[in-house]
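Have a look at this one.
Chain lettering (A, B, C and D) follows the sequence in which the chains are written, and residue indices restart at 1 in each chain.
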Amino acid sequence: MNVNSNQEDLLTVPHRLTASWREPAGVFVNRMLLAMRDKAELWAVKCPICERILFPPEIVCAMCKVRIEDKDENWVRLGNEGTVLKFYHVTGSREVDPSTGWHPKGQTFNPIGLIMPDGGNKWTVMAHVLEETDTSKLYDGIRVKAVWKKREERQGLMSDIKFWSIVEVEK
Amino acid sequence: MNRKVAIVAVAQTKYEANKSSLWQGDVAYEPIEKVLQQTGLTYQDRTKNGFGIDRILTAGEDHLVGRTCNSFWIHHYLGAYRMSQDNISGDGAFAVYHGVIDILSGHYDTVLIATITKESETSRAAAENCYFDHIFLQPFGLDYLSASALQARRYMSKYGISREQCAQVAVRNRANAKNNPYAQEPLDITVQDVLKSEMLASPISALDSKPPVSDGACALILTTEEKAKKITDKPIWIDGIGNCRDSHYLGDRDLSDCDSLVMATKRAYSMAGITDPLKEIDVAEVSEEYTYQELLWSEGLGFCGKGEGGKFMEKGISRMSGKMPINPSGGILAGNPIGVAGMARVVEAATQLRGEAGARQVEGAKSALAHGYTGACGQSHCVLILRK
Amino acid sequence: MAEKVAVIGVGQTPGKRSRKDVSEVELVNEAVRAALEDAELTINDIDVVIQGNMEFFEGTFYTDQWLVEGLGAYGKSGLKVNAAGDTGGTIFASGVSHAASGLFKTVLVVGFEKQDEGAYGGIGMRSEDSFFDIAGGSGRAIGAMWGTAVSVIDRKSATEELAAKVRVKEAKCGSRNPYSHLKLQLTEQDVLNSDIVIWPLRFLHICPTSVSSCAVIVAPEKEAKRLCRKPVWVKDYYCIHSGLQPRVGEPWLNLGAAYPTGPQFRWGVEQAAIALYKRNGIVNPRKQLDLIESYSPSTWHEIDYYEALKLCEPGEAWKLIEEEATWPDGDIPYDVSGGVVSTNAIGATGLHRVAETVIQIRGEGGERQVPKDVNLGLTFAQGADQFCTAAILCKTL
Amino acid sequence: MSAAAPEEILISERNFDSIFSYTAGTVRSKFLTEIRDNKKIVGTKCRRCNTVWVPARSTCVKCFESLKDFVEVSDRGTVTTYTVINVHQTFYPMNPPFVLAIIQLDGADTGFVHFIGETDPEDIKVGMRVSAVFKEDRKGSVLDIKYFKPI
């Protein structure tokens, strides 16, 4: 008997991979998340050299490639309101399998906004959920404000902000 | 070889069982910051005259980080903005090997190599299980421990290597580690302690193996001869490199052999012009995660003949007071994470030749061997020869 | 470089949605045997074997160790490189480094991806840091493609209709390439009617998840001339990464603000092109380059890269499309192989680009060979957040 | 905002639970189906170096020949090495202690990794003769062989 390519019985061997990863957030990000959880405050870090205000705060400025010291003057408090740079609303699905087109039907998501919180500069961008689902009411540059979860619901995650709701600007 | 390559700075973190408060990036940045300070170098895009680091290499693996493109997530700690970066999927020694190749190719001049692994964040054994052939080996739940135990018994039964001889390796490495401030778990133990410690997978007991969980990082900078002389008065030349892969399936080879180490060693020795290793090498940093491996790798490295690893150990040549000390740092047996372990050997070997090894310094060491391996039972080995 | 390096052999396997007849070992073996046959060499002539794939997609740890049997890597030097989507490009760069180092005679570089083994092709996509996970899975690559599409529309570089025209070109090229995964007969109307994923990104604009492998053999000058009748020379290669803020909920989406020149993917490609052009005296790429094999994961990327590669002025990609300059018979053929939109087996994709460029330079493209004589080809691989590894290949140095 | 007192460390737990399905391919499928359907163990023989590779492989590792010929080997063999596993991992197929061994089957040139059963771990020795015990309900996996027992 020899190897013939039309071997009809082609098997696959299943393997269930269950794994978990437990990781801390990092020195600065941990403090930012604690401030979000305990005081519903948004904090970022400013690089002393290039003055980029970095969210999430990291101990290194990626462009200047130097350590950002843990000093009060390097920390920047961001406001509770911000401007939406751009937004998108997934009407199809995020989990599209491009080959087969398979995607879970009925996945409705809120629009995701790229939000520049007040107090930051053009480098300070956060992606977060927008409350308004009717995209006709949204436009680039719209003003929004953070709606926080109640203190007992907050766990020190980005999702401690429930969503960002539109700020009604009187004409 | 048309260009010479030198190590101009090395740094490592303390190896600990659980650096739980620090994220991967924070741990990785510690040694990177040290080597930048030691050399005064920065990255090419931050310099005026272009004389700076122009290549970054890491040695990470997706399963240990739990994300695809594992080095991408700590890019801003590596200083990878506007830089050429790549990740070697294997042991850190292979990353140093690739750094030397990059410089010899003439395409890069100054390479920063950084490796970080936090075994405390996941189950290393579950990742090791994914190393094995999914059709024939993985279903048995194999991992490095069980595969190494098969190799240990094969080697010990074929050549009459005793558990006592293996235990001496643990005793010596754990004792050496007492002089190494970076070591994770130095111990004062006796052969009897090793023999009586809990049997994990016969014949490997708990003290026959490395500490189960280890976190840590290390970094070094390689550069050309011309630049090295400007940066430091203690350049450490990498005169020989060699690596090799063996067959994957545990039954394909007699596990008491380590052919790929023999071939990797031959390549490194011929490049460095070494004919009698015991005479021409002053100190060796060998990667072994289980005690029997130091004996078997000693044979592969040409320190002794086939099957004579045990006798070589007892001759005391590899003791700190011997002719060619092995693992003054305490090696992996004193605690090094996967992926970082091989590079830690290079860092330790360079530290010895720079004369900065403090209490664990081998006096007058001029040439050193550093060794790392990837895969169960040492499927792929990498050997580097360093000289002052 | 210390020594000149040439490609002396290429081997590809046809892209498929799934291959149930081969394990990963046989999949890479097919490409290795094809490359050896093309170079008229045996495995004993190979000194180094470099392998690359994105191991998390197949759930394999240190994949090259298991594949030694298929790679022919037993007893040889070599290692595994795994950057990101640009793995195909970085393993080629690693192979060229090994060949130029003066230590080796021949280097075999093998990339593959077998995503039909992963539970779900996008396994790598669900990898956000859960501190920043705001919307349950960001569909990272899909989101980033949307960013590029919106930017092209905003800059009026092209309309949806012109994008459909480019997609039809890609499909026609793909259907003429035996190694292409998708072989679609499309009309522009089919593209305009395709399901919207995120406007203006439609399903047909997105690259498939494919299974394929690709192998390339490189050698230093002396060996290349001895072993090969038609060596294709590596004139230069360049590798760049962004390394900016990857740890944000959806970093791939922060348009403009965080990335100085607009959407994510183009920055790395643009910087690589600028550097390579400067070092190799390319002032007018549209005229001086004869062919481009790009890593454009979506149709919108191809259009955006027309401008990033300086083939036209910013905002004027539409001119190239209307003139059909980037068509196979145009003056700057772009993705004659059908590109990544027709085939994307991530670990192999960057290498398929090199293989296609070599075939076109040798004039062995058969049905898909471009009419003009190809001397100078630009090929690049792009990955994750603005990684780009580009190479310039040429017929004579 | 800079560090006042040592603070609480937030830890994020990311879990992954997913089933991969690895394609065995033509040659390896044949090895598995021979066990499943005929309780036979086959290897592939290299026409150049005559090595019989068990379990059956598609390429000879030593000389890179495509392996074209299946060869049946005995289900009996010699233990070349073994280990008694005393620790537990979630992915281990059974609780400790259990015995893993490499068995050189009669007629094969390479060792075959499998379990040893029906014996006290103390009695196992290198060089011992063992034979395969097949499960009744076989589904096309190397685990269709329950273990090898001493003979």
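In the analysis below, a residue touches a chain if its C-beta (ideal position, glycine included) is under 8 Å from a C-beta of that chain, and two chains touch if they have at least 3 such contacts.
Every value quoted in this text rests on a predicted model; they were computed, and no experiment measured them.
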### Query
Greatest Cα-centroid separation from chain B: which chain?
A
### Query
Taking each chain's centre as the mean of its CA atoms, how far is chain A from chain B in angstrom?
37
### Message
I'd like the Å distance between the centres of chain B and chain C, where a centre is the mean of that chain's Cα atoms.
### Response
34
### Task
Quick one: report the Å distance separating chain A from chain C, using the average Cα coordinate of each chain.
29
### Summary
Listed in rising order, chain C residues that touch 2 or more other chains are 20-21, 23, 59, 68-69, 74, 120, 123, 125, 129-131, 243-245, 247
### Query
Hey, what residues on chain D touch two or more of the other chains?
9-14, 16, 18-28, 32, 58, 61, 90, 141
### Query
Multi-chain contacts in chain B: which residues touch at least two other chains?
20-21, 63, 66, 75-76, 79, 81, 123, 126-127, 129-130, 134-135, 139, 247
### Message
So with touch defined the way it is at the top, what topology do the chains form here? Options are line, ring, star, complete, other.
### Response
complete
### Message
Help me check something: in the complex, which residues belonging to chain A touch chain B?
### Response
13, 15, 17-27, 29-30, 58-65, 67
#### Entry: Of chain B, residues touching chain D in the complex
20-21, 66, 123, 125-126, 129, 134-137, 139-143, 145-146, 149-154, 157, 198-204, 247, 249-252, 254-255
### Task
Over in the complex, which chain D residues touch chain C? Could you list them?
10, 12-14, 18-28, 57-59, 61-62, 64
### Query
Which residues of chain B touch chain C in the complex?
1-3, 61-63, 66-73, 75-76, 78-90, 94, 97-98, 101-102, 104-107, 127-135, 242-248, 259-260, 263-264, 267, 271, 374-375, 379-380
### Task
Write out the stretch or stretches of chain A touching chain C in their complex.
5, 7, 10, 12, 15, 17, 23, 25, 29, 33, 54-56, 58, 62-63, 85-86, 88-101, 109-110, 112, 114, 116, 122-129, 156-159
